[in-house]
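For reference, the structure I am asking about is given below.
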Amino acid sequence: MRLGFVSAILPDLPLNEVVEFAFEAGYSCVELMCWPKGRAERRYAGVTHLDVTDFGRRQADEVRRMLENSGVSISALGYYPNFLTPDEEEAKRVFAHFKKVIQAAALLEVGRVTTFAGRDWTKSVEQNWPRFLKVWKPLVKFAEDRDVRIAIENCPMLFTNDEWPGGKNLATSPKIWRRMFEDIPSYHLGLNYDPSHMVWQQMDYLKPLWEFKDRIYHAHAKDVRLDRERLDDVGILATPLQYHMPKLPGLGEVDWGRFLSVLGDIGYAGPVCVEVEDRAYEVSLETRKAALKQSARFLMQYMP
Amino acid sequence: MRLGFVSAILPDLPLNEVVEFAFEAGYSCVELMCWPKGRAERRYAGVTHLDVTDFGRRQADEVRRMLENSGVSISALGYYPNFLTPDEEEAKRVFAHFKKVIQAAALLEVGRVTTFAGRDWTKSVEQNWPRFLKVWKPLVKFAEDRDVRIAIENCPMLFTNDEWPGGKNLATSPKIWRRMFEDIPSYHLGLNYDPSHMVWQQMDYLKPLWEFKDRIYHAHAKDVRLDRERLDDVGILATPLQYHMPKLPGLGEVDWGRFLSVLGDIGYAGPVCVEVEDRAYEVSLETRKAALKQSARFLMQYMP
Amino acid sequence: MRLGFVSAILPDLPLNEVVEFAFEAGYSCVELMCWPKGRAERRYAGVTHLDVTDFGRRQADEVRRMLENSGVSISALGYYPNFLTPDEEEAKRVFAHFKKVIQAAALLEVGRVTTFAGRDWTKSVEQNWPRFLKVWKPLVKFAEDRDVRIAIENCPMLFTNDEWPGGKNLATSPKIWRRMFEDIPSYHLGLNYDPSHMVWQQMDYLKPLWEFKDRIYHAHAKDVRLDRERLDDVGILATPLQYHMPKLPGLGEVDWGRFLSVLGDIGYAGPVCVEVEDRAYEVSLETRKAALKQSARFLMQYMP
Amino acid sequence: MRLGFVSAILPDLPLNEVVEFAFEAGYSCVELMCWPKGRAERRYAGVTHLDVTDFGRRQADEVRRMLENSGVSISALGYYPNFLTPDEEEAKRVFAHFKKVIQAAALLEVGRVTTFAGRDWTKSVEQNWPRFLKVWKPLVKFAEDRDVRIAIENCPMLFTNDEWPGGKNLATSPKIWRRMFEDIPSYHLGLNYDPSHMVWQQMDYLKPLWEFKDRIYHAHAKDVRLDRERLDDVGILATPLQYHMPKLPGLGEVDWGRFLSVLGDIGYAGPVCVEVEDRAYEVSLETRKAALKQSARFLMQYMP
Amino acid sequence: MRLGFVSAILPDLPLNEVVEFAFEAGYSCVELMCWPKGRAERRYAGVTHLDVTDFGRRQADEVRRMLENSGVSISALGYYPNFLTPDEEEAKRVFAHFKKVIQAAALLEVGRVTTFAGRDWTKSVEQNWPRFLKVWKPLVKFAEDRDVRIAIENCPMLFTNDEWPGGKNLATSPKIWRRMFEDIPSYHLGLNYDPSHMVWQQMDYLKPLWEFKDRIYHAHAKDVRLDRERLDDVGILATPLQYHMPKLPGLGEVDWGRFLSVLGDIGYAGPVCVEVEDRAYEVSLETRKAALKQSARFLMQYMP
Amino acid sequence: MRLGFVSAILPDLPLNEVVEFAFEAGYSCVELMCWPKGRAERRYAGVTHLDVTDFGRRQADEVRRMLENSGVSISALGYYPNFLTPDEEEAKRVFAHFKKVIQAAALLEVGRVTTFAGRDWTKSVEQNWPRFLKVWKPLVKFAEDRDVRIAIENCPMLFTNDEWPGGKNLATSPKIWRRMFEDIPSYHLGLNYDPSHMVWQQMDYLKPLWEFKDRIYHAHAKDVRLDRERLDDVGILATPLQYHMPKLPGLGEVDWGRFLSVLGDIGYAGPVCVEVEDRAYEVSLETRKAALKQSARFLMQYMP
């Protein structure tokens, strides 16, 4: 396993400084954000560490040169929009941009892109399914043709009233992953597994590792703290941020020793990328860097 | 405390037989269902053990006579429609009928009616609130004038896709009860407390007893079993019946000794009514009766 | 579900008195022991409440007449020898006698016999398997031909040094049951499920109910207490009675509300027979009867 | 084991009515309070169901006659004063009265008296010890001579500020019992074991049963509920009633099935007497009787 | 948050060596002990790393110069006597010396002093209260005038028989802190929060962080191990060191990830000072230094 | 305490490279494997970092010279054969070789050898005992004469069918250790304590530290993960590797902070040697080295 981080937390640094910092802080890879340049639509989105708009062999060579002796590699190219947004125009733009991300991944020989499945959050899973298949079958085919694996994160994208009730990502549970992989039977589709989302959904985060061991292509290391007092007051039907807090690894409920223990036993040897979304560390660039350093210190106890 | 049951489980028996059975099975009260005569709209609804349509002093006297030496009293008159349904016509009918239920309770000197707050299930709590106040302020005033207390059950009325996403009852959590009681500051509005709904919402079912001790006017004894295996597969964002099962008291996760222990310590001396919604006991009238007998046997260990 | 008990605990009473006592104590069925007349080979074995040696239509009619208005039925005919004993002569006798038990069950229209799979306790599961198949395939065929279902109890029959290391019954775990049902694919072979054996084997006693719901033909209600202090001293490699005690239902670790709750939900409607093996109640006939009365009182809280 | 109750909860009934009620409510013995006639010094004290002041053979015969066909026996004579009170005069009176209780027990052939060790609550255990030995050695000798066993209850007698800091009874923990039995090595001194006091002292209530199995001469069935919310606010250094509540069996934290299970396994066959100190049931004679009926219903599940 | 340690564990080193060691061992601040020179009255007391007797601008400048480029700052000046001791003379000396500590803190612009509330350990909280107010109101006023915040540690100062029964510090529980802050309504009075004392008092150590988030001015990082076996033998009424052991962070029951996680979320950004009171590390100066190094290694996983 | 590792995991490196690597990776001692040269009989066996065949003063001096300034010492000489194998020839060879290991330990002034007690795995503990005493009494005497302490590891040596049913080492539980130390009352016989074997045997791994504090001469730091899902399927009667996995410290169920906390409190100051048997790290020499580095990083949080 290789320790990395999601670059979205350092939007103020250019790519080369992200890479330098990664090395200094003890990371050996980075998941690079590849949003289209422009205004972010939500917190942690809209970051462009790699501009894939006009990305050809030349740009790829430049990036590779920069990384060559840096001690740091790219774990994946990341772009996490809502493919199934009710806004049809946006959906088209998103679709087109994602293809570019895939192409960039192919050119860079990274072989992996990370994203969400998307969801029309006003509709049930059932109601979303036909459109999910229609959108994703060609996308998976496109990735397959370039031998790039798509790793869908298991984040429900449901935090506050904006995403209520359904959230903006269908791929939230083993039951749904099973259906996804049955309906689109390509091994170029898999998971970007983040144990923290299992925790607040009250699910076991170890069991699925065994069942989906051939589908875990990327992993996020984010932690989460459930505050029982707050949950007791609002219940699971409330919007989730009313009772849980995303935290750095080690500051929440995930048993990282056990998680990485099972991850090792299923044969996973890929990247494990710290995703910083802990408000207590978002004051400044300095505190966000400190968050990454602390996370590396913590996780390195359990990783080779 | 007095042990009773919700009459909805015996729709095939007329009132006098319900009362006779109650006595034989060891119950000392019954919560009588008072739906308008006609077709049930959902399981457990539509039962009419007391027809309040033309209910005057004469009818009240009859009922009282029947109960006089039966050893059984009425814990409350129950009618659980959706006051905030998007169907405006239905809302009006419901409103009118509920007034009759209140009047009947006054005539019978029962002093208590049980119901739901209702909810437009397609909208958020916030979006429902103005209409909730508009509907409920006059209803509470109406009850207050007749000195009848309204006990709202804390059931989310969210089980399967039909009620997705919001469920058909707003009064699901301490946070919302607090708001309800602040916005409608009448002591004729209170709770019909059912611990089982707290369990599957992952909330403590004992703590609220202390905070709301002056507002608990009626209690339901229903149990629930959370199936961890199923929850691990679908998570809390799934429709709730995918991971929990309503069960008879003693067959689920509620610690009834502890629940009734705290109920006693907060000074509650009212009815505790068994609500049978356990599919394993719904085969026939005989099995439903058996369910009530078993529940009485079980609960009487913890009750005076 | 019907509450019964295993007749082995009342060896001093003749059949009619067993039946009378059962009715008085609140039981509606009895699992009748059918050992060949003679000396018991171990505690709880060797009891003959029904002598199947020369059991024909006449004997069957007599038994039926006796039961007719007793309020008590036969849950199963029970005979629990070791079919796979290294002593070949004994194995033959056992085989022959079991056939008679099956025939008696057919004549009595009980439809169910209860037993063990047996095991050469000096050999591994693997080493026993060929002989298990050789012995059991014809037995199951024999039962099938008479439409009698065989319910194998999941007791490891490993308590003290005598049965060390393997115990005298192969059918101890879900993994082994699965193999049994695959290798002998007849629905006339199933389980006599006792949750207590799962507890001291450190296994979940609820999960298998879902997987094997079509194979549970009979159930035993025995409880068990694990004494942590003793287990901490000897560990699971010690002979099991060094760290656990068989107890009456309610005096051990089985959560009977939950067990019977799931049993109901998988659709089980058969007998649940109390098996008394609690030394604290074995002083005299009177205390053994008291044990059965107490067990009925306890379990009837959770049963219809 | 025989189910009984402590008569202190029925001060308004004369002995014969206590006995009658006991039988009706399903009890087979009673622990009779034998305080000197006069004003009670604290809640539950000062009750005189048997006046031992002038108690001779004649009085003994009368009591025996009354009990003869009642179905109820005396489990013990109870008198729970503070033998080590700083008030020397009171100490003398107490000493003298206790001897009469012992004599009455001998005359009635009850063979058992129940009491406290006492404590000067302003002093440490160490400081109390010399006086404890001085007072108790002759008392034990006195009882030994009459073959009456003294069962000391393990209640700390520390509830509110009045008994702060030390409480009025030394015999609170295994460490202290061990010392007691070493320093006064007579088998006429033992314990009246109440599991509830172990619970709020955060001690295991099962382990001591094994170590002290030869010293448990009487048992109390009282339960207790620890309220975590309150404990979190005040901590264990607060006076104990700030965070716990005495409750009826089944309404607290004692696992009665497990407690009676181990009690059986250590060979205990004596009385188990319900001690009602649950404020929720102290409104009237009727509710106190209801408390005893409920407790019997509850405990009889686990007792022969 | 900044990691520091309490200097009391290095009484053999002069201030400059304490500071040097702090830096080498990875600490960025130190809580300096300011006891009057002379004999220590108890373990960990009586250490003088800063002599405040004649402490003026010149001395302050010297200290500041020494710290300037050391990479280490002062978290607080610490002096933990018993302000409410029954010895009136001692009380006066303590009062006078504490004022000097406050003045020194003002001169050094440290802004924070740490101490205990004190207690006459032979009296109840109630009995101590009037004197507590009389002593502390002027002290808080004195500190307020110099803009120095007083942080009271929540240690009960009750370990062995010497401090029995009440301990030497009133400020032990949320209930008492609330009263303190109501009766002395100045924001110059707050807490020096040590989670370990909550653990052995059986209290939640996370909940109070939310309620008292504006009052936590300093924090101690000490851990504690409760030994269940020992607690089972003596109970919570025994002197506390009979059942718990102070330990280094990570060697006890505090979940440091969770503690520091909540500390971050309530907005705490102050010092967290390791307090070494672990006998297993007190053999020599070398082992005490090793204890501080190990604690820094451990805590830095969870801190920025 | 000193951190070390078991050299068996680096069979491909010669002694001097093992020592160099130890130092670089942060270890201060190594347990050296001393198998006779030749073919390994099982995984992790057969490693010869020190050839004791012809080991005299000269060889000892050489080794000592090499270690002198290395910063690394020898924690013990290790040889873990089966002394009680049914193969008499092998037993003799083993016996002879072990004496040489003891002699080498004496020459090197290491003072400690580590091994197993052995067992004829086809026989019960009872049946093995006479031979155990016959073999071990002279061995202990031999070690005593050279003042070398023998530390027996508590590993059951039962993993798969080969060692079924008894395993190849008798010294598995406190009950057996007690018997060992009673029957061979020499303080030159003690334990090499590995907490992981307690975990999968379902035993408390802290309690024995108190009882056997004078007998713990060496400790292994191995962790273990119990997979509940697998255990639920096969139960404790299955061969142990069917339900547990040996893992690096921190990747399993041992609470290392607590374990090392108690180890410190009992006064243990000896070596704690990481034993790598985690298949996820056995791919290559590089991954095995990474395992040792990771283990040191992890454990150093809890060690001085």
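Letters A, B, C, D, E and F mark the chains as written, and numbering starts fresh at 1 in each.
Throughout what follows, a residue touches a chain if its C-beta (ideal position, glycine included) is under 8 Å from a C-beta of that chain, and two chains touch if they have at least 3 such contacts.
In this text, all values refer to a predicted model and were calculated from it rather than measured experimentally.
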Ask   = Hey, what chains does chain C share as contacts with chain D?
value = B
Request  = Average the CA atoms of each chain to get its centre, and name the chain whose centre is farthest from that of chain A.
outcome  = D
Note = Superposing the Cα trace of chain E on that of its twin chain F calls for a rotation in degrees, to the nearest 5, of 120
Query = Can you name the chain that lies farthest from chain B, using the mean of each chain's Cα atoms as its centre?
reply = F
Ask   = When the C-alpha atoms of chain A and chain D are each averaged to a single point, how far apart are the two points in Å?
value = 64
Message = Taking the mean of the CA coordinates per chain, how far is chain C from chain F in Å?
response = 44
Ask   = Which chain B residues touch at least two other chains?
value = 207, 301
Inquiry  = Building nodes from the protein chains and edges from chain pairs that touch, which of line, ring, star, complete or other describes the result?
reply    = other
Task = So, with touch as defined above, which chain pairs make the list?
result = A-B, A-E, A-F, B-C, B-D, C-D, C-F, D-E, E-F
Query = Along chain A, where are the residues that touch chain E in the complex?
reply = 225, 229, 245, 247, 250-252, 278-281, 287, 290-291, 293-294, 297-298, 301
Key: Of all residues in chain B, those that touch chain A in their complex   = 124, 126, 156, 158, 161, 164-167, 172-175, 198, 201-204, 207, 228, 231-238
Ask   = Can you list the residues on chain C that touch chain B in the complex?
value = 207, 210, 257-258, 260-262, 264-265, 267, 300-304
